[in-house]
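Since the structure comes first, as structure tokens, the remarks are kept for the end.
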Amino acid sequence: MRILLVNPNSTMSMTETIRASAQRVVLAQTVLVARTVAGSPASIEGHADEARAVPGLLDTIRDAEAEGAQATVIACFDDPGLGAAREVARGPVLGICQAGVQVATTIAARFSIVTTLPRSVPIIEDLVDAYGATRQCRRVRSVNLPVLALEEDPSEAFARLRNEIRRSAEEDGAEAVLLGCAGMAEMCLALQAETGIPVIDGVTAAVKLAEAMVGGGFATAKAGSYAFPRQKTAPAHCSA
Amino acid sequence: MRILLVNPNSTMSMTETIRASAQRVVLAQTVLVARTVAGSPASIEGHADEARAVPGLLDTIRDAEAEGAQATVIACFDDPGLGAAREVARGPVLGICQAGVQVATTIAARFSIVTTLPRSVPIIEDLVDAYGATRQCRRVRSVNLPVLALEEDPSEAFARLRNEIRRSAEEDGAEAVLLGCAGMAEMCLALQAETGIPVIDGVTAAVKLAEAMVGGGFATAKAGSYAFPRQKTAPAHCSA
Amino acid sequence: MRILLVNPNSTMSMTETIRASAQRVVLAQTVLVARTVAGSPASIEGHADEARAVPGLLDTIRDAEAEGAQATVIACFDDPGLGAAREVARGPVLGICQAGVQVATTIAARFSIVTTLPRSVPIIEDLVDAYGATRQCRRVRSVNLPVLALEEDPSEAFARLRNEIRRSAEEDGAEAVLLGCAGMAEMCLALQAETGIPVIDGVTAAVKLAEAMVGGGFATAKAGSYAFPRQKTAPAHCSA
Amino acid sequence: MRILLVNPNSTMSMTETIRASAQRVVLAQTVLVARTVAGSPASIEGHADEARAVPGLLDTIRDAEAEGAQATVIACFDDPGLGAAREVARGPVLGICQAGVQVATTIAARFSIVTTLPRSVPIIEDLVDAYGATRQCRRVRSVNLPVLALEEDPSEAFARLRNEIRRSAEEDGAEAVLLGCAGMAEMCLALQAETGIPVIDGVTAAVKLAEAMVGGGFATAKAGSYAFPRQKTAPAHCSA
Amino acid sequence: MRILLVNPNSTMSMTETIRASAQRVVLAQTVLVARTVAGSPASIEGHADEARAVPGLLDTIRDAEAEGAQATVIACFDDPGLGAAREVARGPVLGICQAGVQVATTIAARFSIVTTLPRSVPIIEDLVDAYGATRQCRRVRSVNLPVLALEEDPSEAFARLRNEIRRSAEEDGAEAVLLGCAGMAEMCLALQAETGIPVIDGVTAAVKLAEAMVGGGFATAKAGSYAFPRQKTAPAHCSA
Amino acid sequence: MRILLVNPNSTMSMTETIRASAQRVVLAQTVLVARTVAGSPASIEGHADEARAVPGLLDTIRDAEAEGAQATVIACFDDPGLGAAREVARGPVLGICQAGVQVATTIAARFSIVTTLPRSVPIIEDLVDAYGATRQCRRVRSVNLPVLALEEDPSEAFARLRNEIRRSAEEDGAEAVLLGCAGMAEMCLALQAETGIPVIDGVTAAVKLAEAMVGGGFATAKAGSYAFPRQKTAPAHCSA
């Protein structure tokens, strides 16, 4: 089974970290193809960063499917371009926020999410609402660090994450905590070990669900709103 | 990997049908343990049937975990006893409605559900609402046949299912259809082939997600509302 | 008028406390029939306890109706088996959570609920959501005591309840407080007197609404999803 | 027990019809005080009619409480002035829409409402939504007759109501039907008898719940947003 | 363009303050017609005050349209009589709460509201919910001052408003703050200047949207539930 | 006042049509700057088309603000890149769907939307839900024509639009109809004239609201999640 794991930002070291985390949990028969989106922002922190990343992301998915990828995991917690990706893909497309929320609502009645910057909080809240888990999600918290600080100062990031995870349990009544950034994947096990609280990494969730989707024969429905984009002839007076 | 597949009703032939469907999609390393709940109703058609089935279901899960089961799939579309099962289990517990809804919302923007009797329609609508997919679920339809008719008159059942699946696409704008009864599992591929519409079997969905959960290291959160039931000393004047 | 007041747990002293509270408010013409569910857990603290109690509860209701009961009150705040009870009953069935919420939304624009253990908080939140009162219910609080502590250490329980009721008004802006356990019924008046805040006991609410339903000629609708469970012939290969 | 039954419109014959219907179901100890709001529109068909009726309605409630009324029923299905009435009243105030919805969600999993004019449909839908029963209420239908036609051409009104009640069951899957106008009260039993479907009259519902509220000791919470209106000194430059 | 700006309460000095604030932002071609509702309460603090104000408000709107008003702004944050006003008016009717919420959701992902008395908090929360902005509105706060204190002790009111606006940003994560009373209009710019947080005055919002509606040719839809109230012949036995 | 009217697709003739419609309603002092997004798809029909259009859209907005634009209207009914645009812009950004919904909920209690292709229906439903108007929006209909057919076969498009608008009133109970594509702007007045039903063009709505926002001094809140995107130094190993 061949699964595309695509990091929408252009930071290759982050792609490698994510890939390594995912590699630990895939089936023996799974080939993980990790890709970085060329030309996208160094990190995804807001709608505009997402928007700059998505066209390259769509090309990456199209190319990877042409080379045999059977499923796609978009490794950014904002699930950038998820709907668009489902239009261009034939196989199932998993967002790590949606997949993480599905796992969270399967193992816990109430959970919290911990993300990087405060500006991502409303974006994630809106995603959680669109995925129908507002009642189950107690709170979206932030550690007030930019995404790349996870790589640049991992011990500070770890300490803040640990602190917010503990507060999620104590103050929010969260029974599990979902990590709100793909870059946190490698810290997941240590955070769970130190806090004693179930911690969910969305990358792990999405990669395992991607295998499940392929194994179950589930592919994107192509007859409705996720149909392939229509090829349009440029009009005579097209500006491009 | 050892997965319990439990049929909450007492019809052993249905357990066997469900097991056979599931067996086709599991990983080579998965051992499926299929169980029928002794003493429960012959089929689950409403809340009271559910209630009669759940105590035996909980015992079955507890016993199966003691014998090494790492995950549980409850093979009835009403997801009977799902919360209770998560309290008694250590591993993840998958309901075929919740799992089916998760798959449906991953592959389609809008879907419909087709179940057996009209009396199950509000029950399933309420589940879909609790799982946060009311906006995505266009309609819950019924073929107006009891559960056991799926076994007793499969050609009539198949014809009615095919008809409702087509109407789901034409009238509801459904992009995929979720089968609303575990007993429909074996008809899934043929229904998809005949209608050309993606048809999702909740048993397949749940079994594959169960494997994913175990593979990803996700177990039920045991520190909050899914904690094991407290052992209570019977009071002096207990009636039992 | 004959009303069944059924305590789903097996603690007979609690049944008696509940009965005594209810007796104070019933009409002269009402005969309260109090029943304890034999063989159920000593207290209902979570979904699994509920599940263990419901089959006996259904039998109790069926028997009581056969003996002339015209309405049923399920005296546990989780409203265990409410849908199932409506399927087996001909008369109206009142849950003390649903009835309490109906009274609360009639007398106050915003209210809070105070229950026993933290593990019941998500269960009650989900009920309140299903009953459509999420906007009106400010918060579900817990006194962090098991159900039977209400009997075993009533002064400690009273002190904690008084404290949470006051916090409901001060911190939540609650205009009334709904007691989140049948076992708190006898403390209701004293709590209201000490705090000066309207305190609603769900047992009182449900018993009075049960009388109203009977008096108004309202019985459970038996033609739809609350129809009596179908009698099913056990299949040839039934496991039971 | 003294209960105010107030008809917000100025049609005295309708007040009498409503009173007679209510009288049939009250307890022996209940004294029904029926009042018509002087100076209000002849019927309530829309927000503006409501607005014209409410000031007189509030005066009527204040006066009736001064004369000993312990609870109030507002006998118009738009529940006009319900919040305002709760501010001026000490006793509980029941709206027939809210009460009817409470009864409907107690006896049926799904119900429909049948009202008079199409223009009232969105108003009632919004009320049902505010009362948290949108999921349970399948549809709000209208017979396309003005309110007073219920008196002027009762056989035509009856025929149309019967027709819409039947369609509620057949097309909507409604398990019970709630009458959406106080003026339909006297037809309730005959409609139920002819259709075989449980039909709920909101006046009956509200009057019985009013008795229950008084019997249970439940009064309007007066410390929060339902506190009595503040007496305000007219400012120096007041226009009035 | 002629726009009616109607203050539902009877405090003429407040009308003048509101008019002066609005005058600063209207187009050169706009004629603002400010009106006070004669005979209404001195301030609107709750549902009963609203109810007392609305009949006069409707008359004011009808008269103003007869004199050429093309749009109406109801200058009270409870949006009293908004639906009724749309029935009696031909031109568009803007409520300052609805208009303020529309502006807030256009310029910010999350906002809070600051109103006068705590008793208005649930009323405003319910409006925000009806306008579909519950997710975007972080919190409705109060400065715990009556409406007329804005005029009587403006420095105290200003200090409290400034404090709550700052807390909205710090504690709620609000990105903008909506003032929850028409009487706060003149403090808006100073509050924004002192706090550095975008502060929205609903009167400004509504007046500018009213101009936009007229300019865009948008008038109230008169064929449905906002149709003019039917003229009804008083019945023979009418009480009035 | 300088307002950017940007057509996200690359069809310049459509930009001109939209501009001409908008020009008819702007204030004398408004300078409309119409722009086509170079390099984007010829029409926006789905998420992938949106994604391809947004980066160029953001550049267009940034450039236009540098040249003095005080507000932006995105003239595509999917509101593509609305959040991202608010991050890069200082002035207010209006989407024609959000603006159209705001106008619709101001003039009508219930409305329907008519768009081009069926694949856009779920996208628009999700937007309406995010804007909080699901209850007010009766139905999203499609004329089953691609976007560019509005230009290529306008009489067929007009006939189908007229038909769906009439059905919106008759079948849905819509009191007004919102056109679900910027390319329908020029047909709006004729459709309203022929059907007698209020028809709302989102371009008109958004342009007029943009003027109102500027006139009222309302700009995008830049301190929270709509802050300008952070400038990020490309990491050493960046792939781009």
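Observations, loosely collected:
Chains here go by letter, A, B, C, D, E and F, matching the order in which they are written, and residues are numbered from 1 within each.
Following the convention adopted for this analysis, a residue touches a chain if its C-beta (ideal position, glycine included) is under 8 Å from a C-beta of that chain, and two chains touch if they have at least 3 such contacts.
According to UniProt, the chain labels map to these proteins: A, B, C, D, E, F = Hydantoin racemase.
These figures come from a predicted structure and were not determined experimentally.
With steps allowed only between chains in touch, the distance from chain A (Hydantoin racemase) over to chain C (Hydantoin racemase) comes to 1.
Chains making contact with chain B (Hydantoin racemase) as well as with chain C (Hydantoin racemase): A, D. Of all residue numbers used where chain B (Hydantoin racemase) meets chain F (Hydantoin racemase), under half belong to both copies. The two sides are thus made of different residues. A rotation of 180° superposes the C-alpha trace of chain E (Hydantoin racemase) on that of chain F (Hydantoin racemase), rounded to the nearest 5. The chain pair from C-E, E-F or B-C that repeats the A-C interface, sharing more than half of its contact pairs by residue number, is C-E. As a whole-number value, the distance joining the C-alpha centres of chain B (Hydantoin racemase) and chain E (Hydantoin racemase) reads 51 Å. The mean-CA centres of chain D (Hydantoin racemase) and chain F (Hydantoin racemase) are about 42 angstrom from one another, to the nearest whole unit. Mean C-alpha positions place chain C (Hydantoin racemase) and chain D (Hydantoin racemase) at a centre distance of 27 Å. Residue positions of chain A (Hydantoin racemase) touching 2 or more other chains, listed in rising order: 83, 86, 109-110, 118, 121-123, 126, 134-135, 173, 224-225. The touch graph of the protein chains shown belongs to none of the named shapes.
Listed by label, the pairs of touching chains are A-B, A-C, A-E, A-F, B-C, B-D, B-F, C-D, C-E, D-E, D-F, E-F. Residues 25, 27, 83, 86, 92-94, 98, 102-103, 105-110, 131-136, 169, 173-176, 196-198, 200, 204-205, 207-209, 211-213, 215-221, 223-226 of chain E (Hydantoin racemase) touch chain F (Hydantoin racemase) in their complex.
Contact residues on chain F (Hydantoin racemase) toward chain A (Hydantoin racemase) in their complex (touch as defined above): 10-13, 15, 36-43, 45-52, 54-55, 58, 81, 83-84, 86-88, 118-123, 126, 130, 146, 148, 224-225, 227, 229-230, 232-235, 237-240. By the touch criterion given at the top, residues 118, 121-123, 125-126, 129, 134 of chain F (Hydantoin racemase) touch chain B (Hydantoin racemase) in their complex. Contacts from chain F (Hydantoin racemase) toward chain D (Hydantoin racemase) in the complex involve residues 109-110, 135, 173.
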